[in-house]
Amino acid sequence: MNWESWSDFFSMGGYGVYVWGSYFMTIVCIAGEIILILKRRRTLHKHLGLIHESTEKEIKNETTS
Amino acid sequence: MLQGSNLVCIRGDRRLFRDINFSLEAGGLMQVGGPNGSGKTSLLRMLCGLSAPAHGDIRWCGETIRSLGEVYYRALTYLGHLSGTKDDLTAIENLRISSALAGTEIDEKKARDALRHIGLKGRELLPVKVLSQGQKKRVALARLLVCDTPLWILDEPLAALDIHAIKLIKELLEKHLIQGGMVVMTTHQEIDIAAAATHKLQLT
Amino acid sequence: MAINWFKYSSPASFYSLAGKMIPIFVIAATIFLIAGLYIGFFVAPTDFQQGEAYRIIFIHVPAAWMSMFLYVVMAFWAGIGLAFNTRLSSMVATAIAPTGAMFTFLALWTGSLWGKPMWGTWWVWDARLTSELILLFLYIGFMSLQAAIDDPRRADKAGAILALVGVINIPIIYFSVQWWNTLHQGASVSLNQSPTMATTMLWGMLIMALASWMYSIAMTLMRTRVIILERESHTAWVSELHQKEIAR
Amino acid sequence: MFWWIIKRDILLAMRRRSDVLTTLFFFVIVVSLFPLSVGPEINMLRTMAPGVVWVAALLASMLSLGRMFSGDYQDGTLEQMLLSPHSLSLLVLGKAFAHWLVSGVPLVLMAPVLGIQYDLSVDALLVLTASLLLGTPVLSLIGAIGAALTLGLRGGGVLVSLLVLPLYIPVLIFGSGAVEASAAGLGYDAHFSLLGAFFLVSLVFAPWAVASSLRISME
Amino acid sequence: MFWWIIKRDILLAMRRRSDVLTTLFFFVIVVSLFPLSVGPEINMLRTMAPGVVWVAALLASMLSLGRMFSGDYQDGTLEQMLLSPHSLSLLVLGKAFAHWLVSGVPLVLMAPVLGIQYDLSVDALLVLTASLLLGTPVLSLIGAIGAALTLGLRGGGVLVSLLVLPLYIPVLIFGSGAVEASAAGLGYDAHFSLLGAFFLVSLVFAPWAVASSLRISME
Amino acid sequence: MLQGSNLVCIRGDRRLFRDINFSLEAGGLMQVGGPNGSGKTSLLRMLCGLSAPAHGDIRWCGETIRSLGEVYYRALTYLGHLSGTKDDLTAIENLRISSALAGTEIDEKKARDALRHIGLKGRELLPVKVLSQGQKKRVALARLLVCDTPLWILDEPLAALDIHAIKLIKELLEKHLIQGGMVVMTTHQEIDIAAAATHKLQLT
């Protein structure tokens, strides 16, 4: 075990800013990427819903007329 | 209202026409004819004030158009060989922006109605660059549906249009003329437009 | 029995296959990540020269490796798409680019956070650093070019040409340390030499590299699935699929 | 009207979102090219920094000048603008403003980050950003004159730089001068007041000059 | 065919003689801007010189890329070229060659004069000129790829620099590196052989890449 | 010689046409009609190989045009909506260069004769940008006078032309057809061209 205490762990021998800055940015990037993909998926599904509705309507129109 | 007297046009070392005189009253139509390169476009651009005649002058309500400046532009709609549409914008955006520039701001609904009327239903939201030649022309012509200027100067408004669209434009012009508007136009196609007074100006 | 690869090269079947594979890679990535971080922070000893700051290595190096590796993979799939006109491989290439750009950015970010304590400056115009920056520009160029083109097929092909031309940059980055004598560390992991690092350190790094690898695959698959749906939104199978998903 | 023009130009820029980004990246890349070709000594780089950033800003702003009117010219929109009942000078001011929003503001925001790469002090960074904030609108306004004059001429893109660069030079000198003065611990008020004066003068005269050049170009 | 293309492009450039001159003036102005914004210490200027000249050459060559295909695209000539019974790669090579004649050669000729302003030695001047002579064709060839890829896209002018600059960088590094090595009294053979290699590689691959990009852009 | 089978064209999310079948023999004329935006230009560009059909294939002398490549281009002359002329060059230079690109080098005299024949006498040495719309179109069309390809694909060759020029083009096409050439063309104007076999393809 390298660390005596939590504060020791967080200070990283005085390099805390640099080490945690790196890991923090990594987490931000990963989370950001995942969120972006999921958001893109959601908007896409909304869009698909619209297309779906419009084609259904067309089909209805064709059958009624 | 619109009067030209003794107009002369010189391009390079060539005199395209001289001593052109005309006067156009409310409800009047002037059809400028002539073979390719006879100076029709040059004349129309002069009437708009985009270029100056070598001699003679052009008056609107009795004053020369140079001295009128923006007052004249407020009464004028010009559609030339170039369409004035942005390839990257949609038809609606193009129409709204070009009318706003010309002094009439219109809302989205009105723009959409105009585009539908001119036969672009379902194409309102496409960028203009993917439209066909005739459809681009229609986007430009749609401005005539939303503007309220008395004087229209149209350079070959019928080029690239199909028969149906030509009929539409014909009706549009006739309506405008009946309401007391004025039209100056050129075309190489035969077209019969009913007007209170029709001048045919033949350039050679 | 031979697997029928052609079956999976159609977007529709790839879509469902990828859907099944994503959880596997996500789980693998998580496991490796936890193991790597544990080794990195609790097993690996303090470096006698650099103190604790060296612990940045566990993301810096994997990120730097992935940034180059993903570019090559992207160019490869884009090239396949261009040569054989296979839609799926082009979509995969498009899907890789953002992840690659992200790793490049991370390599730059962590590198400069490491550089400040070690070299006393955030940035030097050293060959490797600069070429990594160029790599970021290449990724961004690839993405902006594709974004600037409306027609997806055209975007695929144009992007492929750019990606292929840009591949020359990879050897330049990799060998830059040997070609120019610079501040940045040379390769310390290579096949024929014994590693110069403490073994636990090396293990931590390698496991973290595996984690980022798994992560990249998972992200690529997820993004490819979205791209497939976007591009095929008018086909029958997509609307069927959509209905099924609504029903659920 | 002014707003319509700005709205339209921004809309056009947004339609291709990459536009704004690419001006920015151009700026970044040019600034990064210098250390590559000059070499990595940090002291030399630090002295060069204000000059390099300013030259890059100037080039980035100049490069996007070509787009300012040429699109409108080719598709006939410009003809329509000349025939618009609104004041042409105002329209032109709108276009210059839109140009600045798209090509100037991003540079101002990016400059500090690049300054860090050249190891500038915090003070110098602030002065650099402020000088760019005051100087880039001048570049857009002067640039508009050049763009209007070269309209429809072949090779306009390069010709415009020839016309415009000499006019840009005073801005460049006082802009980078301010940063150097601050880095050297001297006062830089004089530089800023001169930049401010340039800005006011160009704000008053440029729209008029552009409007007349446009009318001439369209004859 | 090759010759027809070259003849035509040169003819077009001559019709607007200012084109060639303006690329050149752009180059001259950028090189002269630096002493203005950096300050006049001659030692520093001498160290900067190769880098600045090379960056200026690169920017000048890049600026004229936009014109390479866009004119032909807009007026439909490019369509006709694709339908020509001649090899498209050859046509493209002709266009790149013409671009080099118009935008590269003048720079090569002008470079020694500018180098003198920065107080470079005769040896260094020779190496500078030779490196430009070998490097500028590579710039034209690589640039053609970027120009073809961004054809018809809005904001192409700036997008093309984003695509092309990263690819230019190796040329820049070795080109200016050669001059610096010679100024420092070191050997520069390695630099030249690398530049030569770049040239050959781009000569073989660029026409193909450009031809395919053009076909893609016209679909 | 030129055959299309089951051609389908998709633009964006719209299917412009499907199941287009035709076959054109020596001396045959195909007139493609239809309203604006019906896909005429898209079809013509496909026939040139500038874009690929979504389904179906196009054959020249039995082989697909993709596989023929340059061999096909040697037999083809295409004139589209865009004129392919350089604004800064003179009419003569434009004509010589465009024919050389298309594979037939012609000397100055021949170029001048062609331009005279098409009605540009006295304008041969002007830069094309000062010519009128119709004169520009004529410069582009002059290529038909000097090329010796069997297959002509013409997209609205009559737009912007005056009556005299239209007659000239009509005669030119008829001569080409009599000599065993093939023509595919679109136009919105009524025109009667005598041919061994005339197909009318109506898109909707």
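So that you can tell them apart, the chains are marked A, B, C, D, E and F in the order they are listed, and the count of residues begins at 1 in each.
One rule holds for everything that comes next: contacts are C-beta pairs under 8 Å (C-beta built on N, C-alpha and C of every residue); 3 or more make two chains touch, one makes a residue touch a chain.
The structure displayed is predicted, hence computed values, not measured ones.
Student: Can you list every chain that touches chain B and also touches chain D?
Tutor: Both-contact set = empty.
Student: Just how many steps, at minimum, does a route from chain A to chain D need if it may pass only between touching chains?
Tutor: 2
Student: Using mean Cα positions as chain centres, tell me which chain lies farthest from chain C.
Tutor: So the farthest one, by centre of C-alpha atoms, is B.
Student: For this structure, which two chains share the highest number of contact pairs?
Tutor: D-E
Student: Over half shared or under half: which fits the residue numbers at the contact of copies chain D and chain E, same or different?
Tutor: Over half shared, hence same.
Student: Between chain D and chain F, what distance separates the C-alpha centroids? Give it in angstrom.
Tutor: Chain D and chain F have C-alpha centres separated by 45 Å.
Student: I'd like to verify one number: the distance from the centre of chain A to the centre of chain C, where each centre is the average of its C-alpha atoms, in whole angstrom.
Tutor: 17
Student: Could you give the separation in Å between the centres of chain E and chain F, each centre being the mean of its C-alpha atoms?
Tutor: 37
Student: Quick one: which residues in chain B touch 2 or more of the other chains?
Tutor: Touching at least two other chains: 81, 87-88, 127.
Student: Quick check: what residues of chain A touch more than one other chain, meaning two or more?
Tutor: none
Student: Would you give the residues of chain C that are in contact with at least 2 other chains, written as numbers and ranges?
Tutor: In chain C, 130, 137, 140, 144, 148, 234 touch at least two other chains.
Student: Can you name every chain pair that touches?
Tutor: Every pair of chains meeting the touch criterion: A-C, B-D, B-F, C-D, C-E, D-E, E-F.
Student: Can you check the complex and tell me which residues of chain F touch chain B?
Tutor: Chain F residues touching chain B: 11-12, 34-38, 40-41, 81, 119, 123, 126, 130-135, 137-138, 156, 159-165, 188-189.
Student: So in the complex, which bits of chain D are touching chain C?
Tutor: 16-18, 21-22, 25, 29, 32, 35-36, 39-40, 42, 45, 116-117, 119
Student: Contact residues on chain D for chain E in the complex?
Tutor: Chain D reaches chain E through residues 12-13, 15-16, 18-19, 22-23, 25-26, 29-30, 33-34, 36-39, 44, 47-48, 50-52, 54-55, 58-59, 63-64, 66-67, 74, 153-155, 157-159, 161-162, 165-166, 169, 172-173, 176, 180.
Student: Show which residues of chain F lie in contact with chain E when the two form their complex.
Tutor: Those residues of chain F that touch chain E are 48-52, 70-71, 73-74, 76, 78, 80-89, 93, 97-98, 100-103, 105, 127.
Student: What does chain D use to touch chain B in their complex?
Tutor: 1, 4-5, 8, 11-12, 15-16, 71, 74-77, 79-87, 91, 218-219
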